[in-house]
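Paired with subunit B in one complex and with subunit C in the other, subunit A is shared by the two complexes that follow.
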Partner chain A sequence: MHSSDEYAERDIDISMLTRVEGEGSLRLRMRDGVVESARLSIFEAPRYFEKLVEGRKPDEVIDIVARICGICPVAYQMSAVHAFEDCFGVEVEDGVRALRRLMYCGEWIESHALHVYLLHAPDFLGYASAVEMAEDHADIVGRGLQLKRLGNDILALLGGRAIHPVSVRVGGFSRVPRRGELDALRHMLDHAVEWSAETLDWVSTLDAPAFERDVELVSLVHPHEYPMNHGRIVSTRGIDVATGAWRDAFEESQVPDTNALHARTRSGTTYLVGPAARVTQCADRLHPRAGAALRQSGLGGAIAANPYWSIAARAVELLHASSEAVDILDAYTRPDVASVAWEPRAGVAAWSTEAPRGLLFHRYEVDASGFVRAAQIVPPTSQNQGRIEDDLVAFTPTMRDASDAELTHGLEQLVRSYDPCISCATHFLDVEIEEVP
Partner chain B sequence: MRRLLVVCGESMRGDDAAAFVALDALEGSLTEDVVVRRTRAPSPEDFLNLDADGVCVVADAVRGVRAGRVVTVSLAAVVDGVEEGSMSTHTLPLRDSLRIARSVLGFMPAGSFVGIGGEEFGLGSDMSSGVTENLTAFATAIVAAIEVALAARGREVP
Partner chain C sequence: MTRGAPTVGVVKFASCDGCQLSLLDLEDHLLEITGTFDIVEFAEATSRRSPGPYDVLLVEGSVSTEEQAAEILELRAQARTLVTIGACATAGGIQALRNWADHDEYRRAVYAHPEYVASLATSTPVSSHVRVDAELHGCPIDRGELLELLSALAVGRRPQIREDAVCLACKRRGVVCVTVARGIPCLGPVTNAGCGAICPAMDRGCYGCFGPRPEANMPSLTGSFLASGGTRADVARLFEGFTAYAEPFRTTVSDLRGRGPEEDADAQQ
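Right after this comes the complex of A and B.
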């Protein structure tokens, strides 16, 4: 416990925030106990993917952008392929569309299981890492690992390999699986549904810090399905634009001390994308099993208001993704052709899909031969950065009387709640708190 | 499973492809009960289905060792060794993956890490001559590691 005088003069310097994907730093500026600013500084060198794809053809772009992230490569492929297909007027058959959703289910399962069990849960249970947590909670960690492996197995089957898959092509896939190949996954998916339901039951028992704020939530919204590859970009405060019209409602800007661009609404406000936004806006389009589990948990309101309860949103989506994967497998009929023919045309190819961490926007200017002349890629972490900073400013005073160690832990846990993939925005998070007397 | 071979690397990064090339060379010489998992980097879940009386070999290219030199270290020694860090923030070091696997399995996977020293790891680079010239020795060491681990458990070596 600190007195007010002690608090006003203290410096807290956390050299590294662990259990996030990538590397960056966090700097809080405090005066008289009040946080004046918070800045997530991304100091990893820019990765230049938007320049790397210039002069490339669409199918090359799809494989290149998959390299942006080892956790969510499918998301990058999906936003790109749908953008090109929309631009070129390519229609894929229902079987291909279902396989793309199955692929996204695999990525959501793999990514959410990783975050829930290995990155976020140790915070709730008081462990420094999943290594220590596993020593005391082997069954729980084992369940998470089984889910993560199944997600990767889905990706490996559909994409050729789990990390940076290579099968997605404009018009479909380079290859589509035979019925028998998918059957190999079917038995494990029954287990995955069970494990996912257990995951939500388990996270519902965790204690989350009491911190609520009113935030604009943004996600794709589709009239009939839980959003992955289609829908409109909709917010809880009235934004409603077409899937490819992200720039009509949002804009990116360069801010000091970071190599990642920040996104805000056109009116200059921060917002939140990701599982909490999807669950809040699209709860009625969850798989019935996941929807019922969400209602039974009673956490719908907390997911919308309290960032720490994003762990429950991910658990709900684990159940949705595993349940939908079962449905897709049971209904699967191998498409007649893996990929339909297409012709390039000049235009703007723009589309958004729902990465595990939230809305992912791609925009390509394409010439008549199909070569990309300019590109813009807006990952979810870039969109959430401003919101994370706002929440850090709002959260820190709630721990005014906390020890340095408690405050440090609280700040780290809050940042981890967003599951930031700094590698996508660009990498490494050091946290530095500066108290200005 | 009783025999697990975890083959690690990235086929587009020069010497990092060494374990995959060695695996190709072993085609036909591994017994059918050897389960092979190909991965960019070993994760705890790679070891989940290993039987308590099973053995595991992890094969990968390594830095800090002369190019082409083959080294074998017991998995127990890897777990007890110093923290080696990871080449990616998206992966766990082998030491931590094994520690989590040990906790989840309830036993320490028996077996070895077999590495070959590399020097060319850039995206699109060719495999170095040191590695290329010692791939046969690397493949032989992988098979030997499986046999030695089985022998150490008192099993009949096929």
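Right after this comes the complex of A and C.
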């Protein structure tokens, strides 16, 4: 070891990232102000979901894959149910299609309110948690909790409970609500719209570090709708493939330094999925109220370029989801049947939907009796992981003169701005389990 | 939080985070709770950390790596009252299905570099490793039961958690029996009732996520499933869910499959 290097070398080791879902760590190695490597590691214990669903029937798979993530179970249920229905040629009723969007609205509201208010905002305002933030900003935290609760209420109404709802079935739902059951919720949703608009106004006043980069953004894009369960997989740099054809454009490839697998485009580049990608690519398909609020905020460009401004993308989507939920409830007539009959077919069931954190791809090989023979699940955080690491490398030199403590804090904040869901990412191919110091 | 308030830690092992999220989902009561307790460790919600000691430690997740098996011993030593929350922590969770399978094959199938994956062959409940003072069932736990537990702990009384089966919850709620009315297989007769009969109320059978009742009459229920035309594998799959590793579901699954799970070799405490 050369003594001159000893001073120039710098290792930042965050052994436990906080205010993220699941357990992960961050390790960064610098030499002479240049970052040699940044690695977001995941030390969540693997749970082997791809194996757990082998030998199971479609409706059982829907119940099982929900348990990959307690924050976005509906996303797992939606990708799975659409994959199976596509494979078996099942056409659901329009009313069922609308209710599934309503369910996703509920999950986006619950998940985005959780991230904006409880996990992310404390970074902007300098608190260790929302509880401490509430000591000075009780109204703001209270609004976030109420908004989150309304998201949960939508889920509980349609699915029996907010975490791991029970009603999603191939062909439709086990049960669909009667109109009258929706009245109380409908009344409250006017508040959700109002609070969401206030959320965007409020986050617009926050100070985000100036850090811009040029990234490939990937999301579903649909000709008429803001993307949730349907659309093509499209990127800002020319990718355009069918909803189930994720593997045509992306692959899980090996990264030399880590011996772990990350998702990359077929040309080997990193990319970003999630609210910033959706808002950027689909701004003209936002609910008119959300579209107008986005334009008025003037944050469209910042959302695309600066990861910290993802908080504004989530606020825009809160307004979209609560506004669309109102529209769906106002137009609701109970579907004639909760679920249509279906028969399994041998084939490949592959589909992507838009989880709160971005594109979620499922692929199941199914036999003629409907049993799953093999499964692949690619969650949003696995796809963003490479991009997060690239951004850490690009960001660190901007804090060259910072102390270790400041740099550590800056890096943690950057990671949190992606809302990484480590519980999701853990059970998949891009995991490296390390000794935790 | 007030000075001298009881300290609470929330930690996780192998899990989906849904049970600890239930704490944040107590939205209306959350700020009350944080006023009553001093939450000193809850990595998902706060950047403050504490290695203990804790007056109350809520443990989510199953024990499924060597590190976790060691960590739970240390945590037990730091905790005055240790409460397991959810099917992962109380029963091993859905991931405990690997206890019946070849773990190496699982590892190889899911990971390109199985040698990096330091997981144990089994996923086991916390109670296989250390003494547990109280349990909340469910995948996920019920928010009402969590609130009752915390309220009771705050004043040092016994939590009042209802002890009966989902069937009785259906009766209380006036839900028509899905098995009688439509012949849907339902685990309601043998499952703990903490959820308030969510599934039958949504027109489907209970899949046992609150875990088996200790007095469950398994032969009677499996007999009726087999009699109504299910194969042994079909009936096994009904119990191969989120609490499969909890007795008496565990023995039922093993009998129907004709093979038992790996022994708790790693759970020697």
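The rule is simple: the second predicted complex is superposed on the first by the 403 of 437 C-alpha atoms of A that agree within 3 Å, B and C clash if a C-alpha of one lies under 4 Å from a C-alpha of the other, contacts with A are read in each partner's own complex, and residues count from 1 in each chain.
The criterion applied here is as follows: a residue touches a chain if its C-beta (ideal position, glycine included) is under 8 Å from a C-beta of that chain, and two chains touch if they have at least 3 such contacts.
Since this is a predicted model, take the numbers as computed values, not measurements.
> Given the alignment on subunit A, is it a clash or a fit between subunit B and subunit C?
The answer is clash.
> Using the superposition on chain A described above, determine whether A:Gly160 touches subunit B (first), subunit C (second), both, or neither.
Second partner only.
> Once chain A of both complexes is superposed, is A:Leu360 in touch with subunit B (first), subunit C (second), both, or neither?
After superposition on chain A, A:Leu360 lies in contact with neither partner.
> See if subunit A has more residues touched by subunit B or by subunit C, and give me that chain.
C
> Which partner does A:Leu145 reach: the first (subunit B), the second (subunit C), both, or neither?
both
> Please indicate which partner A:Ala134 is in contact with in the superposed arrangement: first for subunit B, second for subunit C, both, or neither.
both
> Taking the superposition on A as described, I'd like to know which of subunit B and subunit C A:Ala83 touches: first, second, both or neither.
After superposing on A, A:Ala83 lies clear of both subunit B and subunit C.
> Could you point to the stretch of subunit C, among 132-140, 222-230 or 258-266, that collides with subunit B in the superposition?
132-140
> In the superposed arrangement, what residues of subunit A touch both subunit B and subunit C?
Overlap of subunit B and subunit C footprints on subunit A: residues 20-23, 69-71, 129-131, 134, 138, 141-142, 145-146, 148-149, 152, 161-163, 423, 427-428.
> Which bits of subunit A are touching subunit C when the two form their complex?
For this pair, the touching residues of subunit A are 16-23, 44-48, 50-52, 56-57, 60, 63-64, 67-71, 73, 114, 118-119, 122, 128-132, 134, 138, 141-142, 145-146, 148-149, 152, 159-164, 166-167, 169, 174-175, 254, 259-261, 338, 412, 423, 427-429, 431-434, 436.
> For a test of understanding, state which residues of subunit B touch subunit A in their complex under the given definition.
Touch residues, subunit B against subunit A: 38-40, 43-46, 48, 88-91, 96, 99-100, 103-104, 106.
> Which of the residues in subunit C come into contact with subunit A in the complex?
For this pair, the touching residues of subunit C are 1, 12-22, 24-25, 27-28, 30-31, 34, 39, 42-49, 61, 64-65, 67-68, 93-95, 97-98, 101, 105-107, 109-113, 116-119, 123, 139-140, 195, 198-199, 201-204, 207, 209, 237, 241-242.
> Give every residue of subunit A touching subunit B within the complex, in rising order.
20-23, 69-71, 129-131, 134-135, 138, 141-142, 145-146, 148-149, 152, 161-163, 423, 427-428
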